[in-house]
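In the two complexes that follow, chain A is the common piece, with chain B as its partner first and chain C second.
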Partner chain A sequence: MNASFKENSLNFSFVAPALFIFSIFYIYPFFYSFILSLTNYDLIGDFNFKNYYVGFSNFRDVFTDKDWWKSMYNGGYITFWALTFQNILAFALALAVDKVVRLKKFYRVVFFILPVLSEIIIGLLMKQLLIGEPTGRNVFNNLLNSAGLGFMAQDWIGGDRVRMITALVHCWKGFGWAFVILFAGLQTIPEQLYEAAKIDGANAWQQFRKITIPLVMPVITLVVVLTILGTMQAFAMILALNAGAGGETTVPVMIIFSHLGGASKLAGLACAEGLILGAILVAVSFSMFFVSKKVREKYGVLPS
Partner chain B sequence: MKKLSKLIVFFVLIPLIFGCSAKKPKDNTIIVWHWMTDRKDAFSELATKYQAETGVNVEFKLLFPPETYSMKVTAAARAKTLPDIFGILGEKTTVGSFIRAQHIADLTPYMNENFQEWKNRFYPQTLDLVVFKDGNSSQVKPGIYAVPIDTTIMQFVYNKSLLDKLGFSAPPETFEEFIKYAALVKGKSDQFGFVCGWGEGWLLNALAIEWAINLMGEEKFLQTIERKVSYTDPDWLKVFTLFETLKNSGILVPNIATMTNKESEDAFAKGKALFSFNGSWSINVYQQLNPEIQYGFFSLPKISIEHPVKIWGGSGSSFMVNERSPNKLEAIKFLKWFTAKQQQVFLIEKTNNLPAIKDCQDQMPEKLRKLTLNLSNLTHPDTWPDNEDSRVIEVINRGLQQIVMGLKTPSEVAREVQEKKDKIFRK
Partner chain C sequence: MYYQAKKIITVILLHTFLISVALSCIFPFFWMVNVSFKTQSEYDADSGLKLAQSLNWDNYHKVIFEGGFWRYIVNSVVYTFATVIFIVFISSLAAFGFSRLNFPGKNIIFFMFLAAMMIPLPAGFVPIYALLQQLGLLNRAGYIFAMTNIGLSLSIYLLKTFFDQLPRDLEDAARIDGCNKLQIWWHVGLPLVAPALGVVVIFNALNVWNEFVLAKLIFTDEQFMPLQAGLMEFTGKMVTQHTLIMTALTIAALPIIILYIKMQKQFIKGLTAGAVVG
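Presenting the complex of A and B:
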């Protein structure tokens, strides 16, 4: 009994520093955010829960706030493009590079340059490329003019296509990151499986459907979940690119930031928004893992 | 193993425990936090001068960008580690919260010393912004809680060379003239009629308020804040429609709704636009960006002659003294020195900003002196008896951006603004 207690204590002592740090930086802020979300505290004076308590009215405000749901729609729109256009393109290129015998590392480095850059830099860089005439730095329009396509030159980030352009810039930045993960996933599939399938007479499409997809499914799920989490929490790139463009590209984190750090100091409302966004993202993530499990069960990778 | 545990304790726990604690103020040193990048060097020079005169060291700490500065000040207030002197970027209600939490010293007794010598130095309109009057909505004790260090006036700017080329000898006085003049520039060698940093909502808001007051008068405008007048009122609809007219006339720079003020200043300084709407600080900015540019200021293009034009302005930046600071009296002494004529003239020379005090007229460049003629017509939310809710302002600003982007009509925006206001009021 004593030995076991001693052993347990020793084991716990190994985990204790990590647990301590995790509690301070994750668990405590989570509970503190929940407490703040029940108040109208402005973050300035001494916090007294009783004095600032407003019940669940901040949550009610978020659920009935059109601007909040518009920002969720904007986030969802960009996420849709990131999940489809960005990830399908990344997967297709990862498949192509996987079959390439030489220069694999070179491609990996080239495609990973963009994700390494800061979001602010990407936003400002694209702004300079796409901005309208007055500052004379409209590189993209100048290129169109030079190519004889001057009729297509326009204000790319100020018009009604601003949401689509923002989504594409986001995809451009995120593409390399999805590529690297999917490429790594593809490389873990043993070559013998494809050789055996070929001997059995399977064509390329059958190999892709019966071997590649089921075996790479955990990686695809991971990419999908990380894409959803990353895109729904996008902030800096959009702020630098067009600052929300009159609400057309305002995403949830921008609203939270404006309530938390803006002139109004609506910390309780911001915390309620953060918790609701978090709950939605957790629900979506778990549902994706559930879908992934079902797919793998269907193809016999996991026992049903 | 033991060594490893000790290392973990040393590198993880010790910094965690001691790294977060408040730093004690250094003896004989006044710490000032600010966000004003353009005045960084001038402030340092003044600090050196003050040390030479008094032996007291003043350390100016620049924190940028303004959003980061605001976060830092809020966090420091929570931790009670505010510096001796700081500024607050935000609404007057936020300043009220700081006062209620005893973070800001009441400067009234010091302002009133020697027959109000310090108080009388300032332009009344500038000082007004930092005064909390009887019955203020923030429910703080009436008094003066900050020291203005400059004055800001929002004005229209015109490019003199371009206007001359068009054959006009004076800038427009009415909205119709404004559109007419600006439309003549449209499409001419990559030049536009009007540029402004409307990606920053407050610039749209300031202009909308100026037009609203000119159209309906200050009384009716303030009644909107008090909910006696709706944002769907025909007058408000007309104000929102002005922005639609600006868009439809084709005089606006294409990406105006996402443009920052820095980009707008850059475009104007490079002669890319005939008109702009900017603050008095732009004199310094244009000087730095293009010393050759010929420009002048003019008042709001009128939309009505029934009510006078009011100009958005007042105290540009101001400093507060930390009530809990052990150096409180030294900090107040420094601010008194800082707002004396000699130092204010020095700041005019170095930064071209309008001073906070009256007695500098003879030392001002012509452009600044002309701007001071507008001081009697100033208006600012901080001087109104009540302020609009920040969430309503957000919807107005976003709505105006959507109008100039052609995504919403003025009536849709008016309805959305009123819906938001009603919702907040119901709560």
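Presenting the complex of A and C:
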């Protein structure tokens, strides 16, 4: 027992509570999910690895499960819309708010209301606005009728276009968040660069192309990666909006959730699904960062 | 003349674009509040597109007392308070330790917390649920611990970067005055990182308040459900009672919207903090 040991343990005790909770609720579950994925443990009775061991059959089941790949497709479809429509809208809004002088703060506050609220609230609210039969008198169809666009009225939460409508609602919920990050990125560009370009005779498009885009490229990459991660894990909003619409808008986490929360608890299968989804997402985000590094090198942008 | 006209037209076009998007964000909430004051027959007549005839609080009474909504609100407040208090104490202690104190293995442990933020663990709720089930913690305590863990990494990271920027002179002064390490953390460290604590509080409070998946899995008994799970339960029972559903949504959403408008700077900082780290 020397003084430095006492000192070290005293210092360590500052991080001990955090490490304790972190070990039980993060590190242990992290490895536990690998173990569980090799079993068919049903969460009844004591866990015994030998009794429940089934090898890699859970993974085989996931790979051959049509519903699972359909849900991956649905998730990818919504992600595609989020990457294009949502992020381009957010970028356009950020550029516009950056340009205007009045109401800057108002727009920023309003656009960020939706990300603040829970997915359940947004999903249920949109469901109430969109609910109804094809000829029914729901709010949205009423609005279209009064705007002379009655031919567009339809069944919004169960019809043929339900997947696209779900994707658009997801974009509506998410654009404010992308907007705030992109707007913050635009604000970091020094004004002198634009002034210098103007003196050199660059027009608005050239300034945008040669100054704005390269300098916000790191932020754009960040938004792209976070959009992919966030959208592929979307769940609660779609559950509240149309609960999967009979498979048309079922997303991966919804399947995992139903396997775990159903009458028979398929914990092993749910873990295998979570690990496969996680592996795909890690691969995607790593390759995105690799691509962005190449892009940055090509543009010759200083490391941020 | 020509350039001025062009400029004015550009500004008008920009504002038209921005305001139409802003309206799409605001309109649903006006509609929601409006419908919450309507009777069912009034709603059937106009789908809530006309202003409510009077401020009719009947729906609120029904939802909060007969629908048992007060219980969801109390539960959510309890879970949020407990989790945030745990996180503030545990993460600020740890951040102070990582920033100011030395012990073997410090960097490895800190790196572990960082790595937890980078690796997405979708469906991380599956092993956590299995774990809680085995520990016999499928109850309020288990939920609060699990939620505490979710916010821990980011909070430690934010507070550590803040502690790192503080001058050491203040601590030395406190030490000379006879403070021990715990007293330095409490009397010098915490007051100085108050701005960062604000961000930590808002980020985690919203996270718990809006959380759904774990709550839905853990609480099978309605009595213990927080707001988000309760909302799903409630709307499932009231499918055709549109005005009551909108009242419930108003009760859930409006306090957050008002709080957000009052403290929008902290909200935006708190919610984008996670993104900036990545």
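Simple rule for what comes next: the second predicted complex is superposed on the first by the 267 of 304 C-alpha atoms of A that agree within 3 Å, B and C clash if a C-alpha of one lies under 4 Å from a C-alpha of the other, contacts with A are read in each partner's own complex, and residues count from 1 in each chain.
Everything below uses one rule, namely that a contact is a pair of C-beta atoms (placed from the backbone, for glycine too) under 8 Å apart; a residue touches a chain by one contact, two chains touch by 3 or more.
Nothing here was measured: the structure is a model prediction, and the numbers come from that model.
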*With both structures lined up on chain A, is it a clash or a fit for chain B and chain C?*
clash
*Figure out whether A:245 sits in contact with chain B (first) or chain C (second), or with both, or with neither.*
first
*Just chain B (first), just chain C (second), both, or neither: which does A:61 touch?*
first
*Touching partner for A:17 - first (chain B), second (chain C), both, neither*: both
*May I ask you to decide whether A:258 touches chain B, chain C, both, or neither, giving the answer as first, second, both or neither?*
first
*Is chain A touched at more residues by chain B or by chain C?*
C
*Check the residue A:157 against both partner chains and state whether it touches chain B (first), chain C (second), both, or neither.*
first
*Considering only touches as defined above, state whether A:282 meets chain B (first), chain C (second), both or neither.*
second
*Once the shared chain is lined up, is A:50 touching chain B (first), chain C (second), both, or neither of them?*
neither
*Just one of 21-29, 39-47 or 57-65 in chain B hits chain C in the overlay; which is it?*
57-65
_Doubly contacted chain A residues - partners chain C and chain B_ = 17, 21, 24, 43, 46, 261
*Quick one: in the complex, what on chain B touches chain A?*
5, 8, 12, 16, 67, 70-71, 74, 77-78, 89-91, 94, 97-98, 100-101, 103, 190, 192, 195, 199-200, 253-258, 260, 263, 266-267, 270, 272-273, 389-391, 394-395, 398-402, 404-407, 416, 419, 423, 427
*Can you list the chain A residues touching chain B in their complex?*
13, 17, 21, 24, 42-46, 57, 61, 64, 66-67, 131-136, 154-155, 157-160, 162, 241-248, 250, 258, 261-266
_Touching residues on chain A, where the partner in the complex is chain C_ = 8-12, 14-15, 17-19, 21-22, 24-30, 32-33, 36, 41, 43, 46-47, 89, 92-93, 96-97, 99-100, 102-103, 106-121, 124-126, 128-129, 137-139, 142-143, 172, 176-177, 180-181, 184, 222, 225-226, 229, 232-233, 235-236, 239-240, 252-253, 256-257, 260-261, 267, 270-271, 273-274, 277-278, 281-282, 285
*For chain C, which residues count as touching chain A in their complex?*
10-11, 14-15, 17-18, 21-22, 24-26, 28-29, 31-32, 35, 47-49, 89-91, 93-94, 96-98, 101-104, 106, 109, 112-113, 116, 119-131, 133-134, 145-146, 148-149, 152-153, 156, 181, 185, 206, 209-210, 212-213, 216-217, 228, 231-232, 235, 242, 245-246, 249, 252-253, 256-257, 260-261, 264, 267-268, 271-272, 275, 278
